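Heads up, the next two complexes both have chain A, just with different partners, chain B and then chain C.
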Partner chain A sequence: MAFKFKGYGGKIIRVDLGREKTVSQPLSSDMAKKFLGGNGFVTKILWDEVKPGLDPFDPENRLIFAIGPLSGTGWPQAGRFEVGAKSPLTGIYGDASCCGHWASELKFAGYDAIVFQGRASKPVYLWVDDDKVELKDAKDVWGKTTSETEKILREQHGKDVQVASCGPAGENLVRFAGILHQRRAAARSGIGAVMGSKKLKAVAVHGSKDVALADPEGFYKFSREIIELYKRDKFIESRAKYGTPILVELMNEIARWPVKNFQTGYTPHAKEIGGERIREEYRIKDRASFGCWARCEKPLMVKQGPYRRIYAKQPEYESLSALGARNWIHNLDVIIYANELCDEYGMDTISTGGTISWAIECYEKGIITKEDTGGLILSWGNTETLIELINKIAKREGFGNLLAEGSLRASKKIGKGSEKYVMHVKGMEIAAQDGRAQKSMGLAHATSSRGADHLKAFPLLDEVVMNEYIVARYGREYLPEMANRLDIKHKPFEVKDGEELCALCDSLLLCKSAGTSLPLFTGAVYYPEMAKAVKLATGMNIDASGMRTIGERIVNLQRAFNIREGISRKDDTLPSRFTEEPAPEGPPKGHVVELEQLLDEYYKLRGWDKETGLIPRKKLEALDLKDVADSLEAMGKLPR
Partner chain B sequence: MKVNVVYLTTFREIVGRRSETVELPDGSTLMDLLETLAERSQKFRKELFNPEGGEIRSYNKVALNGIYAEYLNEKFATKLREGDKILIAQGVSGG
Partner chain C sequence: MVVKKILYADPLECCGCRNCEIACSVAKEGIMNPHKSRIRVVREGPVIDMPIACRQCADPPCAKPCPTNALVKENDLVVLYEENCIGCGLCVEECPFGAIFIHPDKGTAIKCDQCGECLDFCPTGALKLVSTEAVAHEKRIDLAQTRVKVIEEWLLNSKDMAEK
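Presenting the complex of A and B:
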C-alpha cells in the first residue's frame, strides 16, 4: 500500500548484520509528521532502540542512514543525508551529514532510511538496487580507502551507483572516523567507527523510481522562485566562487581563527591558505551536489613539488584550520595532502587536527615526551610529523594508537595536567571558532547535542553584523546588541532559535551553509518557506509554527537521550582557555566567554531546569513527548 | 597619513591585489578612504555602494582594525589614523 504522504519513499530498510537479514518495513506516518526525516528519524530511533549505558561499539548500537521528504525532489540545497549512532567519541548522541548524490539515489530506490544493528561475522556491504536489498561479501573492499571502495563498487554494480563507505580508520575503530561519499564526509561523532565495528564497509545504492509529489506543479513553481532568489544572492555568489575557504582571512582578521590549539585567534600567515589564494593558484573547476546551486566543492591541482596531485579536493574552512593554522602549518600543498589522507582513511579532519594540536602543545610544555611518542619530535609547523601522525592514527600504530582515541581519552591516559589543553566539549574537539571572539559560538559549542559543534546552532547573525536580517527575523529591538559578536546580550536567544532551525534543516536535509541559515541576504528559506515546500511535496499540512515545534522537539529529544546517558549542566561547558584565559590579541583582546551567564539565560529560554539542565515534564509533554518524560522520570532524570 | 587596505573576495579581483598602502590627507574618515578607492574604478564603486544614496551595500563589510564599521562610534565618519588596517569584503559568512 502506498505511503500516506507523497515525497517519501514510504519504507525503511532494517538490517540485522549478525543474523544476515534484511527487511523492508513501512515508514510510520506518525514518525513522518512528528520528525519529518533525517536527524529527526535518527534521534527518534536512537531514543527508542539504544539503551542507556550501551557501549557504542556494542552490536546493539544502531547505525542509521536517513533522508527526508525533499530528498531527490530537486528542491534546492536538499542533497544531504544524515547518519547517526551513539558516538564512540563522546558516548552520547552522535550524528553527521554529507551532501552528494547518495540521498537522492536512496529516494529513487524507494526508501527513507536504513537502520543497521548487530555485527557481521565477516566484512560485508549492503547493496540496494530498487527492491533488491542484499548483504554482500566485502572482501574486495575491506582495507581499501574510501575512494578505492567507491571505484571498485561502481565497477561491480555500475557507474550510476552511489556509495557511502568507511575507510581503514573506521575499520580500525578510530574514534573520530567518518563516512565518505564522493570525497565528501559525514565526519563528526565517530560514526565511521561504529560502521567499522559492525564490519559494514559500505552502502551502495541504485534507484530508478519516480518521486511522487502532492502538488508537482506548485512544488516546482515554488522551487524555481527560491532558485531565482539564490541566483541573485551575494552570499551564494561568493560561496560558489570560493567555497568555505573564503572565510579564512576574514575570520583571522577578527581574531576568531584558531591558532596553535587556540592559544590565539590570529596569524599573519592566514593569507597563505585562504580561499582567494586557492582560487587563484589551485582551483580547476566547480562541482555541485544534487540540487545544489552553491557548488562549493572545488577540485584542485597541486601543480608541482612532492605533494603534486592532478585532482585533489579543496579542504574546507574547517580543515584548513584543523590541519593548518591550529598546528601552525601554512603550506597549502601539505594541507591539501593531509586533507586527502584524512578523506581516504575516512577520518574527521577537525578531530584529527584538534587531537594532534593538543599533543603538540603538551609536547611543547614537556607533558608529552619522546618516550610517549616513540621518538617522534612534535613541534608547531612540522609538516612531516603531521603527515606521519595522520598515517599512524588511521592505522593505530605507535603513538597514533593513543591519538586515535581522541584528545580527551588520550589526555586521561597521559595525565600530568594534559587535560587542561584538550579543546573539547563532551569529548568532541572544538571546530574553527574561538568563542572568545564570538560569544554566540562559545555558547553553541557548549550546548550542542553532539558535543562541541558549530553546526547545531550555527549562529551567524553576529558573525559579520547582519543588521537587516536581524530586523527582518526578530525585530529592531534586538539591535545593536545581537549583531555584536562580543556582547552576550540576546546570544542565548540566537543560539536557542538557531538550534531549532538547524534541527529542522537536518530533518529536511537542507544545506545549512547555503540553504537556510544562509543566505542571509535574501533570507530565501525560513520556516514559512519550509512549511510550504513540505506541504507541496508531501501534502502534510504543517504550518510555520508547526515546523518550529518539530525543530524544538528534535532538540529536546536529543537532550533527553543525552540526559539518559548522564549529561547535565555540568557537561555544558567549555575549556578553561575560553572561560579563564582572555583572548590575547585583536578585537576580542581581553575577552573570555561568560558561559555561566549565557547558560542561565539559555536554560530559561529553553524551559529547562537552570540548576541541572534537565527537562521538566511540562516541556516534554508540550512537545508531545510524554513517553520520554515517563521514561526519564522512571530513571530519576526529571528535575525535582 | 598612510593606511593599509586589505581586499577580500570580489574586491580583491577588482583591484588585482591582496593589499596596498593608501596615502590620505590627515583627518580623513573611513568614508573618505572608500570614496578615494571608488574614484579609481567604476566597477569597485558599483560593487561597494548602493546605486542610490551612496550607502555601502548591506552585504558588503568594512572593518577598521577588525571592528566592523557598524560598531564604530562614528561609523563611516570615523577618523583614520596612521597605520590603520581596513578590510573590505563582500558577502561572506558561515563557518
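Presenting the complex of A and C:
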C-alpha cells in the first residue's frame, strides 16, 4: 500500500549486519507527522532502540541514515542527508549531516531512511538499487580511502551510483571519524567510527523512481518563488563567490577566530588563509549539491611546490581554523593538503585539529614530553608535525593512537593538569567560535545536543551588525542589545529559538549555511514558508507553529536521550578558558562568557528545571512525548 | 538560412547542481525524476560537470535506423514524433552522446526539444542555448586572449622592441 503522505519514499531499510539480513519496512505515518525526517527520525530511533549506558561500539548501537520529505524534490538547498548514532566521542546523542547527491538518490530509490544494527562478521557494504537491497562483500574497498572507495564502487555498479563511505579512520575506530560522500563530510560525533565498528564500509545507492508530491504544480510554483529570492540573496551571492572561507578575516576582525588552541581570537596572518586569497590564487570552479544555488564547494589547484596538484575541494572556514590558525599554521598549501588527508582518511577536521592543538599547548607547557610523543617535537606552526600527526591518528600509530581517542580521553590518560587545556564540551572539540567574542555562541556550544557545536543553534544575528534582520525576524524591541555580541541580553532567547529552527532544518535536510539560515535573516524563508513547502509536498497539514513545535520536540527528545545517559546542568559547561580567562585582545578584550547567567535564562525559556537542567513532565507532555516522561520518571530522571 | 543552436555549458562553469535536470523533469513530466529529464548532468572527477542534451545534429544518426520515422529533421531541430515511436531503442544505440533514451514508464524515446525551460535554473549561467557560431566565436576569443598574455610578455621583455 502506498504511504499516506506524498513526498516520502514511504519505506525504511532495516539492516541486521550480524545476521546478514535486510528488510524493507513501511515508514510510520505517525513518525512522519511528529518528526518529519532527518534528525527527527534519527533522534526518535535512537531514543527507542539504544539502551542507556550502551557502549557506542557495541553492535547494538544503531547507525541511521535519514533524509526528509523535501529530499530529491528539487526544493532549493535541500540536498543533505543526516547520519546518527550514539557517539563514541561523547557517549551521548551523535549526528552529522552532509550534502551532495546521495540524499536525492535514496529518495529516487524510494526510501526515507536506512537503519543499521549489529556487526558484520567480515567487511561489507550495502548496495541499494531501487527495490533491490543487498549486503555485498567489501574486500575490494576495505582499507581504501574514501575517494578510492567511491571510485571502485562506481566502476562496479555504474557511474550514476552515489556512495557514502567511511575511510581508514573509521575502520580504525578513530573516535572522531566521519562519513564522506563526494568529498562532502558528515564529519562530527564519530559516526564514521560507529560505521567502522559495524564493519560497514559504504552505502551505495541508485534510484530511478518518481518523487510523487501532493500538489506538484503548487509546490514547483512556490519553489520557483523561493529560488527567485535566493537568486537575489546577498548572503547566497557571497557563498557562491567564496564559500565559507570568506568568514576567516571577518571573524578574525571581531577576535572570534581560534588561535593557538583558543589562547586568543586574533591572528595578524588571517589574510594569508582567507577567502579572497583562495579565490584569487587557488580556485578552479564551483561545485554544488543536488538542487543547490549556493555552490560553496570550490575545487582548487596548488600550482607549485611539494603539494602541487588538483584538489577536489577548498578547506571550509572550520578546517582553515582547526588545521590552520589553531595550530599557528598559515601556509595555505599545507592546510589544503591536510584537509585532503582528513577527507581521504575520513576524519572530522575540527576534532583532528582541535586535538592536535591541545597536544601542542600541553607540549609547550611541559605536560606532554618527547617520551609521550615517541620522539616527535610538537610546536606551533610546525607543518611537518601536523601532517605526520594526521597520518598517525588515522592509522592509530604511536602517539596518534592516543590522539585518536579525542582530546578529552587523551587528557585523562596524560593527566598532570592537561585536562585544563582541553577545549571541549561533553567530549566534543569546540568549533571555530570563541564564545568570549560572541556570547550567544558560547551558550550554543554549552547546550548543543551533540556537544560543543555551533550548528545546533547557529546564532548569527549578533555576529556582525544585523539590525534590520533582527527587526524582521523578532521585532524592534530586541534592539539594541541583541545586536551586541558582547551583551548577554536576549542571547538565551536567540539560542533557544535557533535550536528549534536548526532542528527543523535538519529534519527537512535544508542547508543552514547557505540555504536557510542566511535568507532567514531577511525573513525570506521561515516557519510559514517551510510549513507551506511541506504541505504542498506531503499533504500534511502542519502550520507554522506546528513546525516550530516539531523543532522543539526534536530538541527535547535529544535532551531526553542525553539525560538518560546521565547529562544534566553540570555538563552544560565550557572550558575554564572561556569562563575564567578574559579574552586577551581585540573587541572582546577583558570579556569572559557569563555562562551561569545565560544558562539560568535559557532553562527558564526552555521550561526545563533550572537547578538540574532536567525536563519536567509537563513540558514533555506538551510536546506529545508522554512515553518519554514515563521512561525518565522510571529512571528517576524527572526534576523533583 | 538555418541557425543551428545547441544547449551548451562549459564543464568548468557548470557546478553540477542538476537544477537543469529538475527544471526539465518538472516542465515535461510535472514531477521530479532524473531518469525523465531530457538533459542529464555527468559529474566526473574533481572538476568536470557536463550537462548533456540532444545536439540537434544536421545529419542525425538517431533518425537513420528509426523504422517508424519517429525522428525527423525539421529546420534546425530533430523532432520526435512520440505517437510513431515503438520504443525499439535503435536511436539510443546510434546517438554518439547518450542524449536520447527511453522513458522509464512509457517505454518510448525521449529527447530535448530545446524548449529552454532549464536555462533560467542554471545558477552559474553556464548553460546557454546558443548558435554553434557563437560557441565557435567564444572559442576563438579564448584562444586569442591566451595569446595576448604571451605576446604582451614577450613585447615587454624584448629589448629590440623597447629600443624601437
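Just so it is clear, the second predicted complex is superposed on the first by the 635 of 640 C-alpha atoms of A that agree within 3 Å, B and C clash if a C-alpha of one lies under 4 Å from a C-alpha of the other, contacts with A are read in each partner's own complex, and residues count from 1 in each chain.
Note that a residue touches a chain if its C-beta (ideal position, glycine included) is under 8 Å from a C-beta of that chain, and two chains touch if they have at least 3 such contacts.
Bear in mind that the values here come from a model prediction, so they are computed numbers and not experimental data.
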>> Looking at A:Ala432, would you say it contacts chain B, chain C, both, or neither? Reply first, second, both or neither.
In response: first
> Where does A:Pro258 make contact in the superposed view: on chain B (first), on chain C (second), on both, or on neither?
Replying inline: neither
>> For A:Arg295, using the defined touch cut-off, is the partner it touches chain B, chain C, both, or neither? Pick first, second, both or neither.
In response: second
>> Contact-wise, after the overlay, does A:Phe235 reach chain B, chain C, both or neither (first, second, both, neither)?
In response: first
> Of the partners chain B and chain C, which touch A:Ser513 in the superposed model: first, second, both, neither?
Replying inline: first
>> Which partner chains sit in contact with A:Glu468 here, chain B, chain C, both or neither? Use first/second/both/neither.
In response: first
> Mind pulling up the chain A residues that touch chain C in the complex?
Replying inline: 72-74, 101, 104, 108, 159, 182-183, 208-213, 216-217, 220, 227, 231, 240, 284-293, 295, 299, 310-313
> Can you name the residues of chain C that touch chain A in the complex?
Replying inline: 12-13, 15-19, 22-23, 25-26, 29-36, 42-44, 46-47, 49, 104, 121, 123-124
> Hey, which residues of chain B end up touching chain A in the complex?
Replying inline: 6, 8-10, 12, 18, 57-59, 61, 63, 65-68, 70-71, 85, 87, 89-95
>> Taking the touch rule as given, give the residues of chain A at its contact with chain B in the complex, in rising order.
In response: 233-235, 237-239, 241-242, 244, 246-247, 249-251, 253-255, 271, 276, 317-318, 432-433, 454, 458, 460, 463-468, 480, 483-484, 513-514, 517-518, 520-521, 586-587
